[in-house]
Amino acid sequence: MSPTVKNTMLFAIVALLIALVGFMQSWNSALVIVNMGLISAIMALGVNLQWGFAGLFNVGIMGFVALGGLAAVLVGMPATPGAFEAGGWTILGAFGFAVVAIFAVVFVRARMAPGLARKLVVLGMLVAGFFVYRALFDPGVESVEAINPASTGYLGGLGFDEGLWVTLAWPVGGLFAAAAAWVIGKTALGLRSDYLAIATLGIAEIIIAVLKNEDWLSRGVKNVIGMPRPTPFEIELQNDPAFVERAAGLGFTAVEASTLYVKLLYAGLFLIVLLILLWMAQRALNSPWGRMMRAIRDNEVAAEAMGKDVTARHLQIFVLGSAICGIAGAMMTTLDGQLTPGTYQPLRFTFLVWVMVIVGGSGNNFGAVLGGFLIWFLWVQVEPMGLWLMELITSGMADGSPLKAHLIESAAHMRLFTMGLVLLLVLRFSPRGLIPER
Amino acid sequence: MSSDPYSDRGNKDLSLGNPKGMGTATPVTSGGRAAPAPGGPFLIGEAMTGGYGSGPDILHECTIAVDRGEIAVIVGPNGAGKSTGMKAVFGMLNLRAGHVRLDGEDITALSPQDRVAKGMGFVPQTSNIFTSMTVEENLEMGAFIRTDDIRPTMQQIYDLFPILRDKRWQAAGELSGGQRQQVAVGRALMTQPKVLMLDEPTAGVSPIVMDELFDRIIEVARTGIPILMVEQNARQALEIADKGYVLVQGRNAYTGTGKELLADPEVRKSFLGG
Amino acid sequence: MDFLNAFIALSNFVIIPAVAYGSQLALGALGVTLIYGILRFSNFAHGDTMAFGAMVTVLMTWFFQAQGVSLGPLPTALLALPFGILGCMLLVLVTDRAVYRFYRAQKAKPVIFVIVSLGVTFILNGIVRFIIGPDDQRFLDGERFIISARTFREMTGLREGLAFKTTQGITIVTAVVVVALLFWFLNRTRTGKSMRAYSDNEDLALLSGINPERVVMVTWLIVAALATTAGVLYGLDKSFKPFTYFQLLLPIFASAIVGGLGNPLGAIAGGFVIAFSEVTVTYAWKKVVTYIVPEEVAPSGLLQLLSTDYKFAVSFLILLIVLLFKPTGLFKGKAV
Amino acid sequence: GGHAKEVKLGVLIGFTGPIESLAGPMASGAELAMQEATDSGKLLDAAKVIPMRADTGCIDNGLSTSNGERLIAEGVHGIIGGDCSGVTGAILQNVAIPNGMVMISPSATSPGLSTVEDNDLFFRTAPSDAREGEVMAEVLQDRGVTSIALTYTNNDYGKGLADAIESNFKKIGGEVTIVAAHEDGKADYSAEMGALASAGGDILVVAGYLDQGGLGIINAALDSGAFETFGLPGGMIGDSLPANVGSALNGSYGQIAGSGGEGIEKLTAMAGDAFDATSPYTPESYDAAALFMLAMQAADSTDPAEYGPKILEVANAPGEKIYPGELGKAFDILREGGDIDYVGASAVELIGPGESAGTYRLIEVKDGENATIGFK
Amino acid sequence: MIVVDDLHKHFGGFHAVDGASLEIEKGMITGLIGPNGAGKTTLFNVIAGVLEPTSGRVTMDGEDITGLPPHTLFHKGLLRTFQIAHEFSSMTCRENLMMVPGYQSGETLWNTWFGRRRIADEERALKAKADEVLEFLTIEHLAEQKAGQISGGQKKLLELGRTMMVDAKIVFLDEVGAGVNRTLLNTIGDAIIRLNQNRGYTFVVIEHDMDFIGRLCDPVICMAEGKVLAEGTLDEIKANEQVIEAYLGTGLKNKDKVGA
């Protein structure tokens, strides 16, 4: 079987699996899987760019995804009335001061001769700066957070909440993630393998900690809910006689038609994003640029000696890959309609994406996309599978036996168990991933 | 940048699947049974045919043999299959045809591990030292299967390669190219094998050390231990060789005593650099 | 001015807890570091291996308790520990056979191992919850304190109390003993050296007559012992709950990495760095300072550098700073 | 109208994840009500009520939404859930509202959910934390506490509750020495303990979960001798806490949503050994399931659009008071067009946007057990 | 062309390069010899920017290049090979060569999306060039073979081949000969001479094969213990007592034992 045929078949199988959900459960369920599958595929693409192309072990995906989510809030939510007057400007002023202070420190450092005196002055400036900053920052924060804390209590955003304008949040999410990645890359890319991994993991945790605790920014753990979306609301459609009529014409009830319609719209938007990114990644991979990246991945020392600026290239690809994760993060928050920092867990947002990349086949863009769909499908669908498994096992047992009760009780935990089993099976039969690098 | 310019694991990242220490050959798996096969030289790889994994055959009915007390040298162009032949003899390659016999015993089905236990010692051409371990530990690992006192042998190695004594507590990965080569040979000598196989032991060592090394090899051989080696310093090597093989494209092209091969103008011109 | 009370307060709330927590992390990190050092991958299943070993121990402890067996002031769990270790050894050997061995033969890349170990994590997760359930389980008995805060106050007449738990004591002692043993084992014994050789260059190890499968097995056995011990000590000190063992993985990895992967001493150092940074940076110095300075200038604020919300972030920040200056950890770990 | 012989109710809560140990009893509670209804044979046309479990992971929006869709696809007539406030919002917005499905959460207590746009589809049998803050402040005042240290689990529940406690306690003149968050499921709470101890206070109020960080904090406090008495809001009330902590917890006190011992006692009796009916939010889960079925009976329909508006009617006065185990009786009354006031296990009284009014049971730990010492 | 001034490189307490000063003349093929561990490779690494010197200065055409990163030096025309082959093991031999030239327009991401035509043209030229080099090295049959799967000597050839892909000003060859067949080495020697004469490359060659050094190099520098021991023509060097004692030796002692 030629690779192309095999790959097409793999995609067809995943499509079939999702279609099965459509037939056996509902097309709404199938489309939910498709939509999250598309987002997962984009994340996997970003990670594959970093790992598969350049060998950067980034385990901070969660942080970039969360930053994308933040962008969705800052772009889409309306500004909280009075928040800026109350303390917003003070907060921005405090940031301004911080920037000036840092520049001052850098300036002084450059002007003074090295030695104990310089160290003391720099340290003194930093400490004093920190306290002044806190003195400016804290009251601002306090007054912003005091504005109706149960439902606002934060600055709010730019209020792009009209139709497709909402999608502006996606590239902005990419930019946020890219900016963060640039800073991280500048400092941490000197690290190797697992050291880089734990560093990025730590940074992701720090990003989440900020999102959880800086209520003035995005309400912290109180969550931002009811975010604008690019598609119409189902209720609106259901109340629109024209839509209901057309749905009826096609043989759907209003509820069915509206829910499917909205999901299809999302799917279309996400698909466009995925296709653009996939096209860009494919082109880049199959070009001298891709060759250079592979060379760097193979042997940094030699690539450096052959005139390739390894550090710059690493930074470039780190920023790009992270930006893609940021875009996906913003898309996901738009789809969820809410930002809930507490849900950002490494297992779900970092390691699951890694599983997608590896199972799909690292170094291969199509592999990453396939992995994204497949693993997401499993993540959602193994629960019924686990239950089914348990029922199968217990079918022979007497009703009311404690063991049977215990087994059924444990069914929910079988989700992870089954997930693990499937993962091991896939990797057993295809250790380099389903669509390996050529 | 890397603080270790010798690091041959490019992207110093194991996760990248650097194949270091992970050859692509599929070795013979454990559990084969050795069967006696009478007669013949002490070690012989006979009519070996095989290649890497499922790739094309590299060796074609290639025969290499060495007897007690002898030095056999394999020469040939780059990529001729010399190292492959050595690996085949050592069981690091699945042969499609041919046999390997040691002391009259057919060991074709034995794993490399079992061959070590049978007293075969081997210095591969590349990645032939434990880079993260000290020089002394490298030597100790060479003597891993020995149960007797290894200190005298170690002293001999240090006498042979004095520089290693100075560097005994240093990680072998931090040594210079030639020093690493000395460690590699030292490690093999520590084994006190019944037969010694060396893949380009003199690559990168200075003339004075090369002389020492050849001297030592002669000494070892004259104690009765057969030595099979691949060499690109072919003229020096053939001068001390009892037997020489010229391999070309995985086939025996010329075979003879060292002197004969040295004297053959065709061989000189094509393989020994004139 | 009351330096004694200040010091006791500091010991009670910073030094002792951090040392004990550091030892717990270190014990976990030792297992992680060993797998990384010898088998060369980051084992995500370590947390759940700890949980499994601890679970067996818990069950055995309950059994002993039901039989009326006890160790007097020491927790009965110590008696059950060997059984836990045995159970855990069995588990890891079975997993190695069933799972990892295949990828070793395939010479799979370490990242594949990492992902595979994630799969193993999921499965262990299910098994442990299946057997013992997701809840907290208590199995601690014996004397809870070597010295409790109240006893200390009564004994010394000081205002501040100093508490030292039996489990803390056991943890610290075990950590020290284990690391010394492991260091000696790896650097001085033949088997230990052969394990390092295997980790350095598998093929060459083979050529030296080292049996790879034996090395792998010994490694897993040691790891099982370490994991169970760490898991049980942690469970005794806090409580046994499957979910926390997975959560423990993050600080454990952080410890192993700051210390330098593959280095047992590093694991210890790393454990303390992480523990101390978590505990000290967010500490509110009010109490301590109040004891030291004259009453008139006693602080009204908390004197807290950062709120505890950021304790995790801070420990990671410190980790980052360490790595920036020492890219392969404090003890020059492996960066393969 | 005509209706199926089967009524399906989804139980969409966090069987895995941070509150996995609460989920089991919660689901059992809900299923007990369903079983009771089925056994009574009086619901609609002797319909069989079938529970369908699905997982939210407590914190996984994507999983919750997918599972919500799956439940809809399987044709549930109502959803009991979500559990944690975060995912509850996600399910509400992405599943319930678009599909016009009614949702009753037994445990999502975030004040933010009071004001969320819900098309009258969302109800909860647990009160908003805003209310608990007031109650807790009063309890503290009654006990003569003047200063507290306050720690909360770092999520919308903990944060909202802590805010409410802090502001209410300050309003009545109390001092809050420190408000420190703790993360659940972490290995160690020494850092939090250090800060809390240093700040000091008469008691330590722990707005957390009893088998999560809350337990860890209390253990750390007792071990180091920093605090001896604890204030325990709803998330900390449950049998496992005194059992896990031991006698040192005696004297600590708090409150949990719930009223008249009668309801809960009945439920406990019904549950027997099968599950722990006093486990947090288990009574509320029972009540959520009961409310669904009662509303269906009142509307004589399983269509959310029809029974949805009945929920407030059956939950509140006027009418005959209904306790656990009396569902059959209630069905009869409703069939005959009568009126009921469902009290259930947690003293259900729905107010405003359809959430529990919040009567609280005051608890004090005595002899290693939670003892009810009054109501507020 | 290159001036090394009192260069030191210490590893902990060990002085691998210990005050070496030397000058490399433009247009010459300079030989660098010395015992194992003399510091030759370390010296290369410092000059080529792989290692930071502990102290000292390196200048190239009067410009201070101390501590510049390797990729910058590459673009200044300074190339080097590695003593232990540093191939890109998962890429084919041809790709190993094609990736070498700097400033390829296809290395800019923008062009990979919107500049396909130009890239295609450049690629064709590069491929032709790479094939030419492969053929010269007698490994044209390995063009599509992964570089990780070729023999030890072939890797060294590839190493050399990379320096032939661009117009270099100065090339540092670290033991290209070790492991290379002597007949082929002669051909390589010829090529080096040709590159030197026709294209004006300057070479610095580390080798332990005196025949090879003798054929190519003038002058020859001998290092020992991190310092320059002697400098001159090969014959002068060969006559130097210290060099003989430290490096060249006096031949086999066991020659008599060689039988047959």
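Observations on the model:
In order of appearance the chains are A, B, C, D and E, and numbering begins at 1 in each one.
The rule is short, and it goes like this: a contact is a pair of C-beta atoms (placed from the backbone, for glycine too) under 8 Å apart; a residue touches a chain by one contact, two chains touch by 3 or more.
Since the structure is predicted, the reported quantities are computational estimates derived from the model, not experimental observations.
Counting steps between touching chains, the shortest path from chain D to chain E takes 2.
The pair with more inter-chain C-beta contacts, choosing from A-D and B-C, is A-D. In this assembly, the chain whose C-alpha centre lies farthest from chain A is B. Chain B and chain C have CA centres that are 45 Å apart.
Per-chain CA centroids place chain B at a distance of 74 Å from chain D.
Averaged Cα coordinates give chain A a centre that lies 31 Å from the centre of chain C.
Centroids built from CA atoms put chain E at 46 Å from chain A.
Multi-chain contact residues of chain C (touching two or more other chains) are listed as 111, 114, 129, 134, 307, 309, 312, 335-336.
In chain D, the positions touching at least two other chains are 20, 24, 154, 181.
Residue positions 50, 69-70, 82, 86, 88-89 of chain E are each in touch with at least two other chains.
Taken in their complex, chain C has these residues touching chain D: 9, 12-14, 17-18, 21, 24-25, 129, 133-136, 138, 148-150, 153, 161, 163, 165, 234, 238-239, 241, 243-244, 247-248, 251, 275, 278-279, 282-288, 302, 304, 307-309, 311-312. Those residues of chain E that touch chain A in the shared complex are 48, 50, 69-71, 74-75, 79-80, 82, 86-91, 95-96, 98-100, 102, 104-109, 111-113, 116, 119, 122-123, 162. Contact residues on chain B toward chain E in their complex (touch as defined above): 1-3, 5-6, 8, 10, 18-19, 24, 52, 55, 76-80, 82-84, 125-126, 163, 174-179, 181-182, 200, 203-212, 214-215, 218-219, 222, 232-235, 239-240, 242, 257-259, 269-274. Interface residues of chain C facing chain A in the complex, by the touch rule stated above, are 36, 42, 44, 99, 102-103, 106, 108, 111-112, 114-116, 118-123, 125-127, 129-130, 134, 246, 250, 253-254, 257, 261, 307, 309-310, 312-313, 316-317, 319-320, 323-324, 327-329, 335-336. Those residues of chain C that touch chain B in the shared complex are 40, 107, 109-111, 114, 190, 193-194, 196-197, 199-211, 334-336.
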